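Structure, as structure tokens:
Lettered A, B and C in written order, each chain numbered from 1.
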Amino acid sequence: MLASILMSGLAVGAIYALIGVTYNTMFMTSRVMSFTAGQLGMVGGVLGSLFALRLGLPVPLALLATLLCVALIGVVTEFVAVRPVLKSLDQHLYVLSTLALATMIQHTVAVTWSTEPRPFPAVFGFAIAGIDEKFWLPVVTCLVVIIGLEMLYRRTLAGHAFRAIAEDNFAARALGLPERNLRIASYALAGGIGALAGFSGGLLLLAFVANGPLLNFYGFVPVALGGLGNNRGAIVGGFALGLFQQAMNFLVGGIFSSVAVFGLFILVLLLAPQGLFGAPVARRV
Amino acid sequence: MKLNRREFTIGAAATAATLATPAIAQTEPLRIGWLAAMTGPSSAPAIGFNRGVLFATEAINAAGGVKGRKIEIITRDTQGDPTKAVNATQEMISSVKVHAIWGPTNSGESLAVTPIMARSKMPNLHPCVVDTLIDPAKFPNAFRISPSNTQWDDAVRGYALNILKVTKVAVIGDTTGYGVAAAKASSEGLKKDGAEVVYLANVDATQPDMTPDLLRARNAGAQAIVVWSTSTGMDARLFNTRATMGWDVSFVGHPSMSSGDIAKLLEKPDNWKKVYAVGYRSCSYDDAGKLPARSEELAGKLKGKVDLSDTLLWWVAAGVDAITLFSKAIGETGSTESAEIIKYLNGIKAYPGYFGEYTWTAVNHNGYPTADVVMSDASSAKDGAFRLAPGYKG
Amino acid sequence: MTESAPSIATTAVAPSRHNIGHAGALPIIAIFLAAIVVPFIGNDYWVLIATRAAIYWILVSGLNLVVGFAGQLAIGYVSLLTLGAYTASVLVAGNATPPMHPFAALLAAVAVGAVAGVIVGLPALRLRTFYFAMTTLGFATIVTQIALAWQDVTGGGIGLPGPTLPAPFDTTDGLYGLCLGIAGTCSWLTMNVGHSRYGRSLVAIRDADVAAEAVGIVKSRLLVLIFILSGATAALAGGLFASLQTYITPDAFTFELSVLFFISILIGGRGSILGPLIGTIVLTLLPEFAAPLAAWSTFLYAALLLAVVLAAPGGIAALLDTKSRKPLQAGRSIDPRPEELRTLLPARPEPTQLVLKDLALSFGGVRAVNGAGLTVTSGQIHGLIGPNGSGKTTTLNIISGYYAQDAGTITLAGQPLPPGESTGRCRLGIARTFQTPRIVGEATVLDNVMMGATIAAKSGFVAALLSLPSSRRDEEAARERGLVALSAVGLATSLAGVRCDRLQHSELRFLEIARALMSEPAFLLLDEPAAGLSAEEIDRLAGLVTAISQRGVGVLLVEHHTDLIFDICQYVTVLNLGEVLAAGTCQEIRAHKEVVSAYLGS
């Protein structure tokens, strides 16, 4: 029983963590919390199924196509829902525009794809140490993404530029960094990470349109716990959430487990509004 | 053009004939409302029923309609939302002024619209399973064309206890309204019949790993697992987990377990073995692959016109029967008055439909014979019909 | 130099009951009159749809105060609809208590909703926008899951019948009449709140929360009040919804419904009552006209929302607000009228002092203020100058209570000011302006000025809600006073009804002074009021500030325009790196060697 909870908890936790990283990546260069993060993950799973099963492409090609498409959706998010409202001083507008876009994405998929879960292909098809691919793939993907991001942010110029914009927007612009292009790039990157979350989690969560709001919420919890913009916190938060959720499923059953998760989430936020690892919010006066 | 005497006479005769016949031979179409959850969750049944509805309508209209009047189907997509269902029902009653309503297909919607239809005495046939929907005293206008949940439950319980001959049962439902209620009712029924419910759980349909629940069921000594879930994803996960665990136990339960969707969600086709889902004698084929006579007749008529490979035969058949029943009611009573239609339906005895042999009386509006509810081998779908589960006699 | 245009006489255009950019009560009354006609010209179906719209509006009218006015993004409000529906149904069915009369059950639902509204809303006091939105979604799920799980009481998945109301409300038309009446009442109640100082304060929290604290608006208290109100209306809507549906199951309360409520408000326009009313009606009716598009209805709502956000963020209300598109008089000038100050600031009997002693405050490792001290006396203008980063604004912010000092004291008339309590400063007699004008752009000039009179009001929330005479008296008094203040600082009263975001920067600076004077402050803190003003306007400012100090107000003036400082100040304190470099009269400071080298230059 414990083994089962660990396995499935870490697997879904990895997916949640990746969505949390998606949120953070979009936040980094725009200071915008986008409601589309979960939908990116869902579309990653759906497109993966579409390309690999419905259209019969070989899996690596399907993955590439999925990454490109979802990255494109990320860029569209920036164009349509983020950039136009950044100019306004109104904080609430981006919540609305991204919420609207996320709803539109979800319902388009619901009507054109299906409201039932559809199968997802096995990527590698082998188990590791007796653990089925659907449990180890998300965790491995999460680790690969984290390592990749660390290398990006620390070793490449683009990564440094991302971090500069995230830390001090004005200074970065004063230095001549192309803020707009970097923002578009980071939204594309976020799309890619979301796609990886959905694709690697496809076997576990299936290609299912209801994953959108599910990932939106459960992917947000790691961000709330780990602190906005803090990827390491998001990873820890994600795994913790996954394990907690599976443990609750086991202990109190399906209905009450979601009540437990939501309840705990609200409680933690009230006690630590910046997250357990978060930084205090900037001065407002 | 000058009218000659012959033409005039014929014309006069025709006019006289028209004036002499009763009101029914007017050209106004017969409007039948169809509350269909065509999109949204759980849309597969409505899509199936719809094929039957359209087929029957076309067939009847092509043969001249009902005493010369064409049938017009007014479809409203309720998306499984009780609010939309209520709106659509009232629209059908007050604005469109339909003569009868088929549907809704979803119990949650039906619970909300049944009182409204009762208020307007709108004749209503529907395939929803929740027991409380049918009450000839409160809702004299509502008739159920398919089994109630109790009848489903009786079939499942009967199979588990009398044919599989188990005494310890696990009951697993999903966390939807239906799943929670059905699991509870099922568990109570089992206990009343002397079986032991060793594990009862409601599992979130999106839960990715079913291992904890199946492990607990096994540890508690379950000899069969009764499943009440409408989610094919959850069903597939259960089957796959059972195989991974290497547990040789049977699943008995909700018809969703025989849905074609499941095929692609399985890790191995064998994972679908020993799964018995609710089915109907009329839609079950024998070892020779033959359906009962009437169903063969329907299958023949549908061939080439209606695709059965991705739906269930019983949905299509029930849709056909519903439209046929309404048109017969109006045709034979010669009236579109709701009281007449209801009286006619109350008098139906062993009516040979394609889906079932219906009997309704003034005090019983559950028309489907319990004996015809059987378990099917879930993996044996062929053109929407299934092989009878092993152990049935006759 | 050209003659400045004379300002228009003060008593001329006193704007009547308008508020934050909408057309007034008349269109709302017209809509309800049209609604009364529906049962007579339409059939049961149209009455049903109209009843539904009325019920949705009952919920949205309250939610409007939370989302539209206060700017709290409560997306998951279907939770309160669910709660109200189940409470009413369970109480009537007698599943948990002896069966209740339907009206008693509805009242009980209202009470439950009021409490739940506060619970759902409380996170708003601690969390930022997006996080709060997520918690409301969490609550929506929790309520639905509990309804599902608590089978014995709620019927679980099977649900239970909704309450049947007693005659004559048990017919289609009867229920419609009841819902319409309640909807009309809710419109009236929320209009009253919107037009009152509470409406102003809500919008202030949303758009200028820092300034709101300075005028004494306590965010938490205010939000709790409207959470109670909106929770109550939402639960009442839930009970009526259950009656309309005749039977409720958990799956009737969808996320799509929550989104519909939310979008109605935003399409309608924030800070308006009429806009969201129209929005609600449109969104309820839309799916009925576009039956083939049923599957796409939520997509269309979302697309509509996106279009509104991108193209017309003010929503329907902004589109209807033709007044705000009328061109303003060009070449306006600011002409203070010091004689008006006599009405605003009655003479103060004894002079008092505002004393800062050994103030210290660090941010992280940076010592922003390090042992600063000064004394401001009533009737005097005290300048505070120094290079950028010397701690001038931080010092003001400590006095204002936005920051609690690490060490040191501030006393006013001998009484120490509680550190870090920004909302109490106004009542203690301290008012201020800000480095960048903090005003509510969408509100009118007069509304912004009237914010300053918040603490003067004697009537409470209930009086505002019911538009009692005491509340209307307070409003009139504040309005009168506001017009005088506008005139005193030199803004034409013809500008009173103009949206603030159409004003020039310099006009906003003077407006802030008008707002500050509304509370009859003992001490006025001015944070770089001359920034961005023309030379002529700085002259006028100098005259105005001098006149204010002559009425007995002590002024602490932070400025970079040292000419202005030396022109009007009696005393000057110079800060450098958080410490007092020098303090004394203007002559002493002008000659001070270190000040000259660090800041003034030769």
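FYI, contacts are C-beta pairs under 8 Å (C-beta built on N, C-alpha and C of every residue); 3 or more make two chains touch, one makes a residue touch a chain.
Worth saying up front: this structure is predicted, and the values here are computed from it rather than measured.
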Central chain (by mean CA position): A
Between chain pairs B-C and A-B, which one is joined by a greater number of C-beta pairs in contact? B-C
Intercentroid distance (Cα basis), subunit C paired with subunit A, Å: 34
Distance from subunit C to subunit B - Cα centre to Cα centre, in angstrom: 55
Where the centres are mean C-alpha positions, what is the separation of subunit A from subunit B, in Å? 40
Tell me, which residues of subunit B touch at least two other chains? 39-40, 175, 180
Mark out which residues of subunit A touch at least two other chains, giving numbers and ranges. 111, 255, 258
Can you list the subunit C residues in contact with two or more other chains? 145, 148-149, 295
Which of the residues in subunit C come into contact with subunit B in the complex? 43-46, 48-49, 52, 145, 148-149, 151, 156-159, 161, 244-252, 254, 256-257, 287-288, 291, 294-295
Residues of subunit A defined as touching subunit C within the complex: 33, 80-81, 84-85, 88, 90-93, 95-97, 99-101, 103-104, 107-108, 111, 213, 217, 220, 224, 255-256, 258-259, 262-263, 265-266, 269-270, 273, 281, 283-285
Listed in rising order, subunit A residues that touch subunit B in their complex are 1, 4-5, 7-8, 11-12, 53, 110-111, 115-119, 132, 134, 204-206, 208, 210-211, 214, 246, 249-250, 253-255, 257-258
Subunit C partner contacts - residues on subunit B that touch it in the complex: 38-40, 76-84, 86-87, 90-91, 93-95, 107-108, 111-112, 114-116, 130, 132, 175-181, 184
Contacts from subunit B onto subunit A in the complex sit at residues 39-41, 43-44, 174-175, 180, 201-204, 206-209, 211-212, 215-216, 231-233, 244, 261, 264-265
